């Protein structure tokens, strides 16, 4: 069991949990968190290198490092693991954000409990990304969701009880759909009389889910994951939840947890039920297309920094789901890039907002101004984050969005010319419009918050970022820039997953 | 040609940006400025060398046997691969226009770097706050602009297009403590972003049909019988042409897809080049420091739209309707901007509108250029005007900067009669004015004359219209000149320094640029830059009748300005009273800003965003919350059943048990 | 006139119904206990009557009643102990005032 | 056919059972309720005697009338003051009580009177003598009750202890 590298992605967070549990003061907790997250980053790097080596050596299996340990034989539940380029990208993202998050919560009150829950959440996240067994996946998914309630409810601010409850209940509602869908998949995972399985790879290989059932199970799973991916109209947990969550939780949640939604939509809904994906994608295309512009428009008039960012997340994550539904490899690659990009970018945003809030004790942009003079480091970082968000070339947002647009335009034109309607094309163009609206709200915030005269004289006494805050933000900025400057590396990493076989099934 | 030099041309400004941006605060102002200027100077040398090599070395990679200039791809690296065919590459393309643009950009940029050393400090020689940042941004801008012009594919152009926009944003908002600067920078970014949306969709459409982003493949000369510019695979060009020529290509709202693509791409150009109705950001962008206005908003970035159209010129040639749109937009903008420029008070605003007008000239020139008229004279004229305009407009802006620096105000009302106290500025400014007015032998005369003559070839109406605008140009420039340097004697307000010429760092660029403006007209541009690389002697196309008419028009404009503004008199006020409506509309720039203000605030914010946000909070979230409330209510409703009163439990139990019992009995019978 | 089983069952039923009524309406816990005893007794009578009329050769009903009496005694004793304890704590034995542990 | 005496006896017993139980639950004085309960219990004991279960009747009188009611009286004296009247019933609670009782009466009564078996005459039976009762109670064979007997004794013990513990003064 311990010969497989993937299992360490769960073991390390568990060890960290133990370490935090045994720690006696905040120094030890910090040490555990930093060492552990560095170990996770190292592990994901090693995994990436090994994976690339194997691919280079000509491995063509859809997933590498696969392994399976029986857990509950009567229902054929296994702890089955395996990764492809997408999972690796997500694992890298998660480890980076856990790292940055640990630094961002350097001075959190009641650190022990906080880190315990945070690490439990990370365990769930990592477990989710490495598993290829639907049941295990779902279990890790829930493990990642539950700590959120406590983290927001106990360490949050504002209407935290309301927000925590809302977030948890809406996500739980989503997982209720999801569970239905997963169980449905399980019961159709084999032709009549065959051995049922939860294993994604086997199900995909068998392709035995009847079309009628697919049309039922696809919406279930898509909505189930879509709730976590902040799909319109199931996104309202996101603004409240993010606004009330403590910094590191917002980072982890927007940075990683929301990616679970997109990842799940691809890995389960589309991958396993290609027929229904083809037939029903238009419903969700409309919904996600709406999310993209809708989130952006809403962000234009909000005055709370976290609300703005949460709505911007709705817009960006909507783009992820939107691109996935385009069902072509370019757009899907773009979707994964957007997940990476948005994960890093929004984590950076939330980290910065948390740092600013920690100093000014307000998140209202109307009550702040001229931060550039007071907190130059944080402000510059904020501008960079904003530029990444509005898609400045050289930062990650641009490549992700462009890949998505090129891919979905391709899909849209193909549809249009073959007489299948212009829905995809129209929504692609609508989604393109979001780049303008994004610019509007980002610049509005930057202008009001950072530039202009100092609004509050008390703010003049604030001090700029401390070293741990700098570590956190610089890590994220470097990653954002790395994706933005060398996109082809990630593109190739992700692209290998979208083999022609997948799209052969889709008929594209 | 070695790859080192082109790489360095891009790498040095980028490096300077990071170096000054990260470590600038640690070094002294002077050191940072010097480093930035030296960096730019080395880029200048390298670019001149490259351009010289390209134009005059006669190497067979640059010129073929027939003497046609070729496109030469110095390097081309894959940056992001979408599909097998659609690949974004980062590269360096040398051809006549990119070589010319290298010269223009580095020249102006270097002048501005040098000039800023003097400008960005107060009268006591104390450097402004954020001086290092300023140089870092200038380097970033130079990098992006150079990357834009050497782009071998349309997507690289888009990438640098965006970078240019961002660095322009940073530079306009340089005085970030000033709310007006912040909002101007925001406006500039958003308006151009909106235009870029069209650009992006245009690129997507074009690339979807052609399967390529590369200019060489997109623009290989599609017209038969003319020699190809490049060494490209003719098959590709043919197939692209066929794609659009065949009836299989769909139409959308009555226009072919190619037309749409080209018009959308032109929309991107309209945004950057401040064509009506996307021009509103440029006058506001004058909130930035004056050297920035000279660099970005006069000489380089704003001509990116012209450059874009010129780049895709062979494609535009295939669509006459797109060309007509370009011509019409250009002509309207030129006239509009000239009208507005006649009444502005802020000297930078006058120059800004003059820039809009002049760029519109270039656009019109491109729009009327056809291979059949003087072998595409309009194209060459446009590029020529781009070149000369960059020089004299930068000169005018830098001169205005010197005035503003000396006086401390942007309004000519605070200036008047400065010709004696600031002689160098006066002379160079006059040269700039003469150049822009089109007086022989200054550079503007030649380029503008060719634009007019190509207009005349195309349509007499366009010609007359543009001649009128040229006359207006001469008028408003000399109005400005007289109001600044003549009108009445200068009175220095109490407590102010008497105005005087600025230090050498500021006057040297003025002198250099003035010198260039004097002689640039004699550059044999037809030999260097033509639409298909085929050189010709443009003097052969020189039409003395057109030239003399345009000269006459310019002189009329100047004469009128002389009459009205040379000495303080009542004439301007009378004119103003005679045409109050016209004056008001011009003064308020035909209320474009108010219109936009209305659209953005009332419609976008008020009618879309706010209701959507309300909808989100109250309807969507309300629905979600109402699920929770409903659950709560239901729970409240059945809560009394669990009253804790055992008697009620007994009662419920009893009733239940009796019901069950009763049913049992009834069933048993 | 023959006194059949129903002649015993009907009074027992009425007694039981009285118990039900009392248990539901009375607020005094001891009164409720009294009602409870009534119901128990009615049931005892039923057991005995069924035994006597339907299965006279056996004694299950009688013994059941016997044990029921024993258990009722135990139950009453314990209930009264609790009531007294509650009385000490709450100073009354009104069942309505004992709702602090609901929900 | 029963003798007239037993018929008269039956009616007296049945009537007193009904009347006293009704009074036990309607009186507002708690002590009186206990007293009426006592009478009802006596009536039940008489029923047992009439049905030839003398031992059971004796136990009823001894345990119930003698033990439980005394317990009641003590409890009442401990927890209420003389002269306390229970508050008048609200119409709501009375309605509920009446509904419950009547519903019970109807359903069960209907069930009773529709069973033909309940209208059979009393079969002959030899009254169980003490020996039989004792052997049945303490025998361990078929239809004998040693185990329940022991269980009840343990229960009673537990109850004693429990009662002491619960009611003990802290």
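Should a chain be cited, it is by its letter among A, B, C and D, assigned in written order, with residues numbered from 1 in that chain.
Criterion: contacts are C-beta pairs under 8 Å (C-beta built on N, C-alpha and C of every residue); 3 or more make two chains touch, one makes a residue touch a chain.
These figures come from a predicted structure and were not determined experimentally.
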- [ ] Give me the ID of the chain with the smallest distance between its Cα centroid and the all-protein Cα centroid.
- [x] A
Open item on the list: Using Cα averages as centroids, what's the distance between chain A and chain D in whole Å?
Closed with: 71
Task: For chain C paired with chain D, centre-to-centre distance based on mean C-alpha positions, whole Å - done: 7
TODO: Indicate the whole-number Å distance between the mean C-alpha point of chain B and the mean C-alpha point of chain C.
DONE: 97
Open item on the list: Counting only Cα atoms for the centres, state how far chain B is from chain D in Å.
Closed with: 103
TODO: Can you tell me which residues of chain C touch two or more of the remaining chains?
DONE: 20, 24-25
Task: Sequence positions of chain B contacting 2 or more other chains - done: 647, 650-651, 654
Task: Touching pairs - complete list by chain label - done: A-B, B-C, B-D, C-D
Task: In the complex, chain B residues that touch chain A - done: 78-83, 86, 88, 155, 159-160, 162-163, 166, 169, 173, 176-179, 182-183, 185-186, 189-190, 193-194, 196-197, 200-201, 204-205, 207-208, 250, 604-605, 608-610, 612-613, 616, 620-621, 623-625, 628
Open item on the list: Applying the document's contact rule, which stretches of chain D touch chain B when the two form their complex?
Closed with: 93, 96, 99-100, 103-104, 107-108, 110-111, 114
Task: In the complex with chain B, residue positions of chain C that touch it - done: 20, 23-25, 32, 95-96, 98-103
- [ ] Please give the residue numbers of chain A that touch chain B in the complex, ascending.
- [x] 165-166, 169-170, 232-237, 240, 294, 297-298, 300-302, 329-330, 370, 372-373, 387, 390-394, 398-399, 402-403, 405-407, 409-410, 413, 416-417, 429, 432-433, 435-436, 439-440, 443-444, 447, 450-453, 487-488, 491-492, 495
- [ ] Using the touch rule from the top, collect the residues of chain B that touch chain D in their complex.
- [x] 647-648, 650-651, 654-655, 658, 661-662, 665, 669
